[in-house]
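Okay, so chain A shows up in both of these, paired with chain B first and chain C after.
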Partner chain A sequence: MNDRRRINGPAGATLAPFFDDAAPQDLDTRSTRSRPPNATRKLLLKTGVTPSASGSAYLEIETSAKPGLSGLKLSCSVHGPRALPKSAPFSPHIVLSTHVKYAPFATQQRRGYLRDSSERDLGIHLETALRGAIIADRWPKSGVDIIVSIIEGDQDRETSKLQGDEVWDMMNTLSGCITVAAAALADAGIDCVDTVAGGVAALVQDADDGSAPSIAVDPIPSEHKRILAACCVAYLPTRDEVTNLWFRGDLPASDLDLYTSLVGHGIQASKNANRVLIDCLSGTVG
Partner chain B sequence: MASSQHVLLSPAELAYLHASLSLTPPIRPDGRSPTQFRPLVAETGILPGTNGSARICFADGTEAIVGVKAEVERTAQRPGEETVFLEEGGAGGDGDDEEEEAGQGLDKRKGDASWVEMTVEIPGLRDDDSGTAFLAAMLSEALLADGEFAKRLWINRRFHWKLYLDIILISPPLSYPLPLLSLTTHLALLSTRLPRLKSEGDEDPFFDDDWAAAPYLFPRTTSSSSTPSSTTTKSPTPAATRPPITLLVMAVGNNIIFDPSKEELAVADVALAVSVTGLSPSHETETGGGTAGEKQTGRNLRLLSIRTIDPPSRLTAPGVANAANTAYGASNGTSNGTQKMAEAEAVEGVWRPPRGGAKRMVLGALVQKVLERGGVVDEVLDALEGADSG
Partner chain C sequence: MAGPTISLPAPIFAKISPHPFLVRSLTRSTAADHPPCRANGRATQELRPVRFNATSLSHAHGSALVRLGDTTVLCGVRGELLPVERIPQFRPVDKEELRQQGENNNGNCGDAIGRGELRDYDLLVPNIELATGSAPQFLPGVPPTTLAQTLSTRVYSLLHSTGLVQAGDLKIWYSPKEQRRGEDVEMGGTGDKEDGDEEERPVAYWVLYIDLLFVSFDGNPFDVAWAAVVAALRDTRLPVARWDPDREVVVCSKTERRRLNVRGLPVACSAAVFMEKEQSEAGAGPREGGHWLLLDPDRLEETLCKEVITMVVDCSDDETRIKSLEKQGGTLLGRELIRGYAGIAERRWKEVRTAME
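After this line comes the complex of A and B, so read on.
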């Protein structure tokens, strides 16, 4: 029985013609770095964003890859110091536990709700960086939880191919985590020897013609042709000490100067972030 | 975390240990020199069901087994790259051969970090323990840092090897297991062989049944004449690099100490895990580059990764100086003032856990010591190569 109440489409389905005469895809959409090599991106830092936590902070880094796209967004809350449960063994120091978690929608590839190994790895890095800064023996028998959630990862959505950039993105993320966690710790009033901040520097090669690689501070992986090596440094400026150093790449051992200057640039980036951190904290107090 | 397990040493013992390790030369509890490793027993090829395996047993009783398994996996095709379709597989293969003859030096192989999967299992720790994830990330990071290793797993444009590295610590972790796991992984990778490829171009891969003809993943320089097959299949490979090793180095006072035991790590000021790889000595003359003129000893090392290890010394209990101890006549009032004083000044012979980070100079010195030509890394690599071939 035919359906006469409706006007049905033709029986044989057709496909609308599609003319592929639009401008051919520009394969080399790689944007180039517009900042000078020793300038970091702009940073927004705010403390006291989560009222229920004893300390909290929010960090946002602008992206210069594409206008209109936002970069890294981190939120950190600190719970504690609070008494350890009775069942826990005695500890002469504050027990630090750090959690770093990407929101499921933070990166190009969806993250699950359980922490995967890279998030655990970031958590350990963060713990190492903070443990050096906190004066731990002022709170025996107590614990503090530091939770960093990455609301938006720092990834260029235009690049369709994954080229191992996630690894370098992790370094940028870690440096942001360190800075935001330091701000949240200060907001919670936990004694530290100094404010710790993170900084990243990378050895990049922009041209294919075998020219000498250069060092760029606060690199965006999608802006460079190749990243040869990168390091993330957590640095205490007044004590001139490094609490966490994470280097990764491929450098000849004969060229130790390159490594030294890479770490030096990382410290420079960390000093820049620290200036923002100090401004933010003194603004809260004053 | 595995490095921060509780150390059952009193503050007085820690202070004594710290003092003796700060002497020049340092006196270590087990009488080793600062650059000496713990004696170890190593063997390779112990598991017949794997592509490569190794076992190392340290003298303190910690023991690890590593098994390497390889599977053929289809490479995910992404739009935008030179996509290969099944129909043109054979034709593409022919074209490839011609191209290869034309430009021998051009390396078309690609690698991806997801082709290597590493798991670490440590008894007594939960599967989802962060310390285990940290160890696995550190070891695989060193392996993948230069991008050359993943390229070795390339079969053709449609298929690749997926390599599973399973690291199992058999004994309880009596010391921070990083050096042990790294050395065992190195040995297992040295003994890893993949079946010889018979198919050509982008065909579905087809392998030689003869296990004796299977080339090593890291081709051996000495045995290349005895197995001529390996030289024909892997001709474009720069066959000089070796698997990386990760060393644990720590600084106490002005001294740099390699391969610390658990007690030594408990008084460390800084601890670093440094991953390096070395080019085998026979190849270094051609890759030597700038310093080829002078006589070189040892191999060309490359720095792959550095990570700071949170030293367990930060978690130890501080000692109490006699001046602040009520049992020795200190005022028993609200001792806020005395406590502050105790926090401020260091008293000779009273243990205080380190606070703050490490100076840049110290970190630089640690890395420099590891990368020294003809230094500890060379010794370790030589010993491991001996263990593998012997």
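After this line comes the complex of A and C, so read on.
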């Protein structure tokens, strides 16, 4: 059933373009990581992009050297705090509602306008990450809306085969969402215990020959042969607290050190992002 | 006895009683140093500067970011393929007929057929998303608002009526002769037998998904959205596609790209009609009181005005052509005013063109 409130286009389904004449030498050259394993990509963070909102921010992650590879671009707006509607039940603290939405042109496949499960998933993770940072009981009976639009996803345009990369892409996207939402919250003047920022670390295997996997910070899925596990951490640096931890992949349960070191690297990445966040906020918000 | 005088700072006055505030600013004392202006400090006919930024997205085939004051729109154009066998009522255009009619009417009729194709097969799909938190009234999680639906439909119909994109550009042909010629050279030229049943035929169309995302909303959405659509279409480069008869699919080239041929540069120019009397009072006598034409209205002004005029002009061939003129409501606008308005739209057109280049 088509949504009649939008313009849906032709009745027959359309196909995404199918590319053919790839030069054979292109097929196997996965770009390799040029950064050291503990270095994150450069971030650009700006507040106040949506003047009509109470607070807003824009985040862009540097495009890597390869031209086809796009960096992440996020825009976030915060509306509130404002009174909850009369019908809402009493709440002694602020009610957060987070929305994460991919723009239709953000990824290789065209996205629809309705939120899909991955977007809802991202929204829930974002909410948990922020709830730990906001001083919620300062605004009883009020609500705040946090809306993140993913203008451009972190995805390689050139790779034709998608080997389950979306899952790992979501990690990077979530960490960006957390950082940008924290900046927008600060821009809106909503009191937080600390600035929260996201960081990603992954256990990657770069060679086929069964060599020992290594840990890389801020991974780009297309730069690695295989990603075994990844975690996204939302971290408050001054309180040394993790507000949200999302772990994915499979690791042997016996090796507990691996888990802690993966989370430790995630925290490292989050600290890097936090530095950018603090720089940006001290420049604009005062 | 006179009551205590309360003086309010301007922003609070504007918030609690916007209509009288705007009237007061427009009719302010005619002192020489203070010409009457709107609440936002602009003169009634002053437009906000417009800025363009093209090719900002890498997953789209064409894109543009347009800023008009505090309104920011991002537009991405993405082409997808529609094979002819998926079109329910596909009827191939007879080439012979097309050529004859083209000769008779200097190409106008072929044009009409092309437009028919665009409309019949629905090859242009513009959609506008306002619910991105671009303004406090547009929050996500709800179906598209009336405004978003109206805007999408207006952009859709204007795309078709201005003939910005031609169906010919979106058609992918398969010509067996050309492809066989290459083989013939190798085989010694023995082909040419099956020519009768293998005519040159269209195999697929490009469908252009034109998605607009409001990053920030501060009034005058149609002008900005339309400018973004035009800029993104001018920026669009579709991959060169051909039909692969063996695999029966349309194959695109990874390296070769062809610029979309965009005809003309229509520019929209909107103004809101602001009545001196508030809407509730105006019900009694709508003709009473003066009115102002506020060009390029912002968010506050749009909430106070019910009528909007939009004129779309194109001056690309040294002559101002009015492509579309829309107006709702019953305020009397004389011929002189419309003519004056065309002048303003022309000025706008020049600004947009310089900003785009």
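The working rule: the second predicted complex is superposed on the first by the 253 of 286 C-alpha atoms of A that agree within 3 Å, B and C clash if a C-alpha of one lies under 4 Å from a C-alpha of the other, contacts with A are read in each partner's own complex, and residues count from 1 in each chain.
Criterion: contacts are C-beta pairs under 8 Å (C-beta built on N, C-alpha and C of every residue); 3 or more make two chains touch, one makes a residue touch a chain.
All figures in this text were calculated on a predicted structure; none of them were measured in a lab.
Legend: residue contacts after superposition of the two complexes on their common chain; A:254 is shown touching chain B, with no touch to chain C.
Of the two partner chains placed by superposition, only chain B is touched by A:167; chain C is not. In the superposition on chain A, A:120 makes contact with chain B only, while chain C stays out of contact range.
When the two complexes are overlaid on their common chain A, residue A:237 makes contact with neither chain B nor chain C. When both complexes are aligned on chain A by C-alpha atoms, chain A residues 115 touch chain B in the first and chain C in the second. The touching residues of chain A, counted against chain B in their complex, run 27, 89, 91-93, 115, 117-118, 120-121, 123-125, 127-128, 131-133, 135-137, 160-162, 164, 167, 193-194, 231, 234-236, 239-254, 256, 259-260, 263, 267. Note for the complex: chain B touches chain A at residues 1, 6, 78-81, 112-113, 128, 130-131, 133-134, 136-137, 141, 145-147, 272, 276, 290-291, 300-310, 314-318, 343, 353, 355-360, 363-364, 367-368, 371, 373.
By the touch criterion given at the top, residues 3, 5-22, 49-53, 56, 68, 70, 75, 77-79, 97, 99, 101, 103-108, 110, 113, 115, 145, 147, 149, 151-153, 155, 157 of chain A touch chain C in their complex. Those residues of chain C whose C-beta lies close enough to touch chain A in the complex are 57-60, 63, 70, 72, 74, 76, 78-83, 86-88, 121-123, 125-127, 129, 132-136, 139-141, 143-144, 149, 152-153, 156, 207, 209, 211, 213, 215-218, 239, 241, 244, 249-255, 299.
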